[in-house]
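In the two complexes that follow, chain A is the common piece, with chain B as its partner first and chain C second.
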Partner chain A sequence: MALVWDGLRQALGLLAGGDADVFGITLRSLEISGAATCLSLLLGIPLGVALALGRFPGRGLAISLVNTGMGLPPVVVGLFVSILLWRSGPFGFLEWIYTPIAMVLAQLAIAAPIVTGLTLAAIQQIPDRFRLQMRGLGASRGQLLWVLLREARLPMLAAAMAGFGGVISEVGASLMVGGNIRGQTRVLTTATVLAASKGNFDVAIALSVLLLAIMFLVNAALTWIQQRRAP
Partner chain B sequence: MGQPRLADRGRQGDRTRWPAPAVAGLVLLGLGLRLAAPGDGAAARAVILATTTSTQDSGLLDVLVPLFERRTGYPVRAVAVGTGAALKLGADGNADVVLVHAPALEREYLGTGVLIDRRLVMHNDFVLVGPPADPAGIRRRPAGRAAGALGQIARTGSRFVSRGDRSGTHLKEQALWKAAGVVPGGDWYVESGQGMGATLTIASEKRAYTLTDRGTFLAFQKRVELRIVLEGDPALANVYHVLRPDPVRAPRVNVAGGRALEDFLVSPAAQATIETFGVELYGAPLFFPDAGKPEPK
Partner chain C sequence: MTVVSLTDVTVRYAGALVLEIPALELEDGQILAVIGPNGSGKSTLLRVLGLLEAPAAGAVRVRGAAVPAGRRLEARRRMATVFQEALLADTTVQENVALGLRFRGVPAAVRRPRVARWLDHFGIRELADRPARTLSGGEAQRVALARALVLEPEVLLLDEPFSALDPPSRDTLLADLGRILRRERVSTVLVTHERTEARALADRVAVLIRGRIVQLDTPERLFQAPVSNEVARFVGVETIADGRVLSVSAGLTLVDVGGQKIQVAAEAAAGERVRVCLRPEDVTLSPGDVGAGVSSARNRLVGSVTRVVAAGPEARVVVDCGFPLVALVTRRSVEELGLVEGARVTAAFKATAPHLIRLDGTA
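The block that comes next holds the complex of A and B.
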């Protein structure tokens, strides 16, 4: 237990001392996972809405695939993104492997199904009759969509939180496609793995505490937005 | 914000509200692209170095890589994996240079011609560690032969933790079992599938023996209840070589950058850095520079 206290003390020290390495790692985690989450929202929300409202052959299968994707194992994503981005792979010419771009792509593949699936559920829980009524009142397609999204905004913010939480805490894919390169692709989770494998358990604990603090702050901000106008 | 939205403002309101999340998304996308590849904007193309976890976990890479980058201007992407994986990355042209420690496997790749230009960089040694009580009685053995010691561990059924990950250490361990004439397996033989640090921790918790490189053990010895039970056998030498893929077979590799990094690792500057590395922290060097010396037997 002394180890944990030492770790907490070291975490405070690293934060208070403004350690440049730790600051860079923290900022990079936020940038990469933030970018991946935003992209997953841009991709997942339209897809979720389309799956919720559309009627087309294969829709049931598509929904099953999305729901399976919500639990996509990060190491599997990491392996496939690596195979695609290695020089020997089809997208090797882009030279994206072991760069933050590769990490954003892998994290996008992890977060997008989560956002899509939760958007789908959020839109579907709005009663059908509400939609009929809106149409009856003369709402255009765009207006109807906008109202539905507004109605579903609380669960959709939950989707954003779930997506962000999924990718910032993920380590398998980031390690494989990013390579945990110091100053380039080292993020909080991969730095924690390295610290532990080096036997620097106090640093590992410090980084873990930082990760938890960031997840709390981001989720607290989103919760504040979510609950601000709730009844 | 506090003003209630009126229904008849609907369409207008939509227009002004929609962009906010989209703009936020684009800003972050921009951020992501900015992150793309620090230093890649410069003329030099990044060099991918595939190496072993021991060079990263010991901190040696954190010293050598920045020195190379400053001297040549090539940005380096150093990826630490097991020796087996590093050689495969090089053989497939997915890395420009490999720094590894499994001479027998290296020679296989040289033989097929996919990897070329192998040069001796440095060495240290492996040690056999075990619980202080030494249940297999390795320290009481007269002659310090590693293969014989492993044979005794197998005969007494004392627990042994293997890396089991095709790392250089694992390959060395397998060679020693072969020399001992033992096919390891059974309740006493545990495969961790993890890095050296994690494996030492597991061996300590399970009161088991394991084979480790000296550097990682030096870094871990305060945290684990393990003692060196055997050292100094020439068969326990841990030799590091640098190799690169044949550009004819792997056309996408960064040939100039890869050769520059190879040249650097055997240069006097890098060799001097290797010689003094770890002295301050552990009181003894972790690696011994070997560039230009004859190949060890």
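The block that comes next holds the complex of A and C.
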């Protein structure tokens, strides 16, 4: 029990003292996972909309693949991205392995199916009759899409939250493709794993508290936007 | 002038014919009701008229001009459609009413007063800032109608707009809408399975059965003179019996139906086969065998009650007088006159009440 209390006390000291190392790791986590989430929204929203509204051969298979992708184990993603970016691999010439770019790509592979799947579900829950009504009021294709996205904005924000939550808290892929290099690819989760394995529970707890705080703040901000009355 | 018309339109779903309309026209300022049972193709007809669904064959013309594929949106923006459900967007009432104007790029300065005016017309101005999802069914449907009419459409298309409402909201909205449509002279197509709505609003009524228009008439003509059994049943005629004309004199046709002689104020030829249609509300019942007394009802048929079916404050009484005849009476009358199964009664109705369908093809 003393281990926990000591750890907590030292963690608070680290956080209060504004440890430069901890600060750098936190910032890097936000940058990498933020970039991966933004890219997953750019990719996942159009894909989700296309799957929800489109009618084309192979659509059923594509939806099944997306649904499977929503539960991809990060280590599996890490393994495949590692193989692709490995020095002797097909994209080895890019020299991205053990760089933040590799981490963004791996996290994108984890978040994109989540965003796509949740967008698909959000658009599909709007009844066909609503689409017909909007066309009956003179909506063009673009205007119809705009109205649909606006109608689905709450579940879409949930998609963004789920995507960000999924990638900032994963460790397997980041460790494998980033290498946990101090000052370069070390993020909150990989740093926590390292600190705990070395018995530095104070640092591990401090990093965990920060991770929880970030997730709380991001979710609180998005929830606030969700709950705000539409103009 | 014709606002919108259909020519030789057919619609097929999975090869099956669901709509076949050789010709249908809507004149300026006219309210056309399309009535028919569920699944008769009414909503399909409305979607075709509203350019929301392309027919398998045939043409939809707006102001006499066919609409090419590339100009459907433009033509659709001259119309507005309202469905059974209000289908409001998740925003405020006034933003909902402004939606179609936004689609058309109407600037805010023009949009606002127009929206306010139509909120007023439907008596919902105080709801302007309310989130649409918090409205009652009746309020939501008012918003949906205001959202369509604010567009000042050349054609208003209404698909069962009252059927999801409770009777009091339905009746007041029906009255308000009727007033507005007449005042603004909005050319309207109303699809409904409620004949009372058609009767209340329409200038002309089309009866659609299995995808085909079987009768197109003024409401008066349609409800008094249905052309077939199906139409008769649908417009509320419950007694339908075949007979043969015995004689015709002084505008009165004497018809033999199941051994009973019925006088009908209608044209027919002696010996001709006819079908007599009678609405239940036109029949009065008296207990026992009442002889020809002092009354203008020229028909008095004696029979026995075979069935009494109560529905709300009224009851349908089926009397066997050589053929089954249905009368609509109050439940109080059922009790006071002792109308139970087996009771002998006299059914009376005027010669002007029945309508004749001539079966020998001369009608």
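The definition used in the following text is that the second predicted complex is superposed on the first by the 229 of 231 C-alpha atoms of A that agree within 3 Å, B and C clash if a C-alpha of one lies under 4 Å from a C-alpha of the other, contacts with A are read in each partner's own complex, and residues count from 1 in each chain.
We take it that a contact is a pair of C-beta atoms (placed from the backbone, for glycine too) under 8 Å apart; a residue touches a chain by one contact, two chains touch by 3 or more.
What you see is a predicted model, and the numbers here were worked out from it, not measured in a lab.
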First, second, both or neither for A:G183, with chain B first and chain C second: first
Partner chain in contact with A:E151 - chain B first, chain C second, else both or neither: second
Partner chain in contact with A:G163 - chain B first, chain C second, else both or neither: neither
Touching partner for A:Q143 - first (chain B), second (chain C), both, neither: both
Which of chain B and chain C A:F93 touches, first, second, both or neither: first
In the superposition, chain B vs chain C on chain A residues touched: B
Chain B versus chain C as contact partner of A:R135, first or second or both or neither: second
Shared chain A surface residues [contacts with chain B and with chain C]: 143
Residue ranges of chain A touching chain C (in the complex, touch as defined): 127, 129-130, 132-140, 143, 147, 150-151, 229-230
Chain B contact footprint on chain A (complex, rising order): 28, 31-32, 34-36, 38-39, 41-42, 86-88, 92-93, 95-101, 104, 142-143, 146, 179-184, 194, 196-199, 201
Complex interface listing, chain C residues touching chain A: 47, 50, 52, 73, 76-77, 79-83, 85, 87, 89-92, 95, 99-100, 102-104, 131, 147-148, 151, 157
In the complex, chain B residues that touch chain A: 10-11, 14, 21-22, 24-25, 28-29, 31-33, 35-38, 40, 45-46, 48, 53, 56-57, 59, 61-62, 65, 77-80, 89, 92-94, 195-198, 201, 219-220, 223, 250, 252-253
